[in-house]
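To keep things simple, chains are lettered A, B and C as they appear, and every chain counts its residues starting from 1.
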Amino acid sequence: MSAAVIPTPLQTAKAVFKGYLPRVLQARGWVLAGLPLVPVGIIMLVAIVMKAQGERVPPGLAVEVFHKALAQYFLPIMALVAAPAGIREDIEQRTIPLMLARPATVWALPFGKGLLWYGWGVLWLAFACLGLVAIGGSFEALPRMVGSLASAYWAELAFMTLLGLVFKRGSLWGALYLFVWDRAIWILPGNLQRLTFAHYVENISGTKSSVVNASHMLAQTQVVTPTLVAALVLFLAGCVFWALAGWRLQATPIGLAGADSEG
Amino acid sequence: MPIYAPTLPPRENLDRGSHPIAVLMRFDFGRVMKAKLGIFFGFLFLLILLIQLGSLYLRYLSNTSVAFSGMKDFASQILTQGPEYQADHLGQAVLIPMWFQVALIGGGLVARDTLHRIRPLIYAHPVRPQDYLLAKGGLAALLPFAIQLPFVLIPWAMSLMVAGKNGPIWTTLPLHLIPAALMIAILAGSVTLGASAMAGSPRAGFGWVLGIVLGTFALGGILAGLLKAKAFLAISPVALATAWPQLLCGMKDPFLDWVPTVIGTVAHVSLWIFVAAQRTKPSEAVL
Amino acid sequence: MISLNRASLRYGQILGLSPTTFELPAGGGITGLLGPNGAGKSSLIQLLSGLLPCSSGDVRVLGEEPYRNPAILARIGLVPEGDRFPSGLKGRGWLRMMGELSGLEGPALEAAIEKALGIVGMETRAHLRFNQMSKGMRQRIRLAQALLHDPELLILDEPFNGLDPEARILLMEMLRKLADGGVKIIVSSHILGEIAQLTDRILLLFRGRLLAEGNVAEIRELLDRHPVELRLSAEDARAVARWAVDQGELVGLRLEEGSAILAVRNPRTFLPRMQEAVVAGKLPLTALDPLDLNLDAVFQYLTKDHA
């Protein structure tokens, strides 16, 4: 018999990350890659055709695509698609007992698998931002655009993972938060705006979504959070969500037939 | 000793009992009913319906009550009028929660069978792929239709009861909005069917539906703005669903015109039914 | 090594395992968990393997509570029931992840993978994706993952389900070898023959209760009020029947062509006497066939009594 070895949390996360690495090169991985790339690619194509025909591409197009397509829709959709491919997938496919029966650190499992989908998603978000530069976005703004999407994706993916582990209908509550509450930022007064992901995306990217317009009857003045603080808030929020997701998995007894929290 | 050719037993009478489509639909319907989704969405839809009925009553009062006569002009400014008001009974307020609910339920219809490898068992019975598809698609369309129906019939009936033919709601409203509800239901049903067929689990199915619905809306909006052509919004099922009641109520400036709406709807319905048919072929059903 | 003290397991309102008490001593050997579907075998396995905490009572494996206890889990290998694997992964890659989750790294991990694959005979086919493997191959990979970290206790839930006869024999041989090597093995099954062939110790479960514990013969001894049926074949079956009646141990007698079926109250005293009679030439037997001195009969008696 070999001496019992207990992997550290880092080793656990690393093992899951490496073990599931081939999954990103399969169907769901390419869907995730396509989510930010396809809209930007289509807009790029249209912009190229317009230029070829001598038409002027609107100057604010990149910012509009960044906010109205990437940040408001495709980023949350990516979180919605990637979160069920995380540890939730092992619960649904009933493969998690094999991991839970090992001496690994249980709370590190959601993070390890989530990190894989996070890294893969950020890679394609960065490419999508490069595409925005190609349609007239400023190159100087590129780090802030990538940074804002990467930070928001970090927090949103962790948020969706946590909801998936806590609630039977976690995807629904997450979707309502990201697509209803977050979209309502322009009518939210004062500090309530700070409870949206969109607020931090706008403050890190340094640009505003044109949705917020004083001519709207219900529009509210948008509060400002310094860029670095906004990035820090999203990073910490993500860390807290990952930690809570880990705690939830650790505290939920999951047998061979699944768990109560399963949808 | 004679050798007899093998004979087959007489063909079994397969006409006994319900049709497979009815059996599958009944099973899924029972599961949906047990899912306890009704509480949240039921409350939400009830709230929207009450607001609609309140608005209806306000219009009635502003038209008939002396005490409210001073508010008539103000009410006409803040409340939508004419065909726009009629079409609003199936407006965004109803359709957005409807998309969420059909995503949640429809997204799991086929995906659940995929996750638990149920389809091989279903096809082991006298169920043809088209039966399976019709049963799933039928339920996926029935649900949004059932959600929309009260928003057409209840305000219409209330208007008739309180004000007769001169009420704020057209007496012919069901003739305009029930076909619209049907088109929306077919559209929503086929999108959720196709999305669910592509997913490996109900949660992923929910993600796929929302991804398709919201992603195309965002893209359509940007393309329409960039190319200054509203017709590009027709790539979005959300936009198509919004346009149908407006078109059928004869709104002057609908979200989309007839041609893109019809083409977009036909394209979406064909595409997603094709996707679902490909993904639910018996050859795909491996144990 | 394993002790349960009034340990029970509930799934909400459903009782998976009634308060159960037993002990299994340290050392190698195979213990069979036997019982029909829904008897509580998987519940017991989930308690022992640390997947679920007990609802009441106390479970000790290798001296400690196993639930979420890495120190104990590092010494246990679990082969769960079912044919579930993460989609899209290959056998060897998945084993590597499982090994790393057991704290193995570098050359030690690679050596452990090769060793485990060697034991299950999958060295040349572990590069395949799970959906390219046969059910038997996947079962072997499942066994390999449990062997990676050299566990002291190996728990297998219905490992023979879906395996062809040859694969079953190979798996049984594998398990016997492991047991001979000092690994304590717990195997569950509802197929009585499998357990009878494999185990030297049985825990008999029925409707969430532990009915009996011991080897087949010991359990049979518990059944005083159930006589053993023996078929004694002889050219003169009547003479055999006459001799048996004279012994005063019979509770039943039936004559068939060329044989007498005896229902004997106490085989422990009856059988030696019969042996002596045969040796002395008083009993012209050609064959002796114990009709119900097997696990099926024991199982039927016990479950009938407790149903």
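Definition applied: a contact is a pair of C-beta atoms (placed from the backbone, for glycine too) under 8 Å apart; a residue touches a chain by one contact, two chains touch by 3 or more.
This is a predicted model, so every value here is computed, not measured.
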| item | value |
| --- | --- |
| From chain A, the most remote chain by mean C-alpha position | C |
| Per-chain Cα centre nearest the global Cα centre, belonging to chain | A |
| By number of C-beta contact pairs, the top two chains | A-C |
| Whole-Å separation of chain centres (CA-atom averages), chain A against chain B | 29 |
| Gap in Å, rounded to a whole number, between the CA centres of chain C and chain A | 48 |
| Chain centre separation in whole Å, for chain C relative to chain B (CA means) | 54 |
| Sites on chain A at which at least two other chains make contact | 89, 93 |
| Two or more partner chains touched - positions in chain B | 200 |
| Of all residues in chain C, the ones touching two or more other chains | 87 |
| Touching residues on chain A, where the partner in the complex is chain B | 28, 35, 39, 42-43, 46-47, 50, 57-58, 61, 64-65, 68-69, 72-74, 77, 80-81, 84-85, 88-89, 92-93, 164, 169-172, 175-176, 179-180, 263 |
| Residue ranges of chain C in contact with chain A within the complex | 11-12, 42, 45-46, 49-53, 67-68, 70-71, 73-76, 78, 80-82, 84-90, 93-94, 96-98, 100-105, 145, 149-152, 157, 182 |
| Residues on chain A engaged by chain C in the complex (per definition of touch) | 1-2, 4-7, 11-12, 14-16, 18-20, 22-23, 26, 89-90, 93-95, 97-106, 250, 253-257, 260 |
| Parts of chain B lying in touch with chain A, wherever the complex brings them together | 37, 96, 100, 103-104, 115, 200-204, 206-208, 210-211, 214-215, 217-219, 221-223, 225-227 |
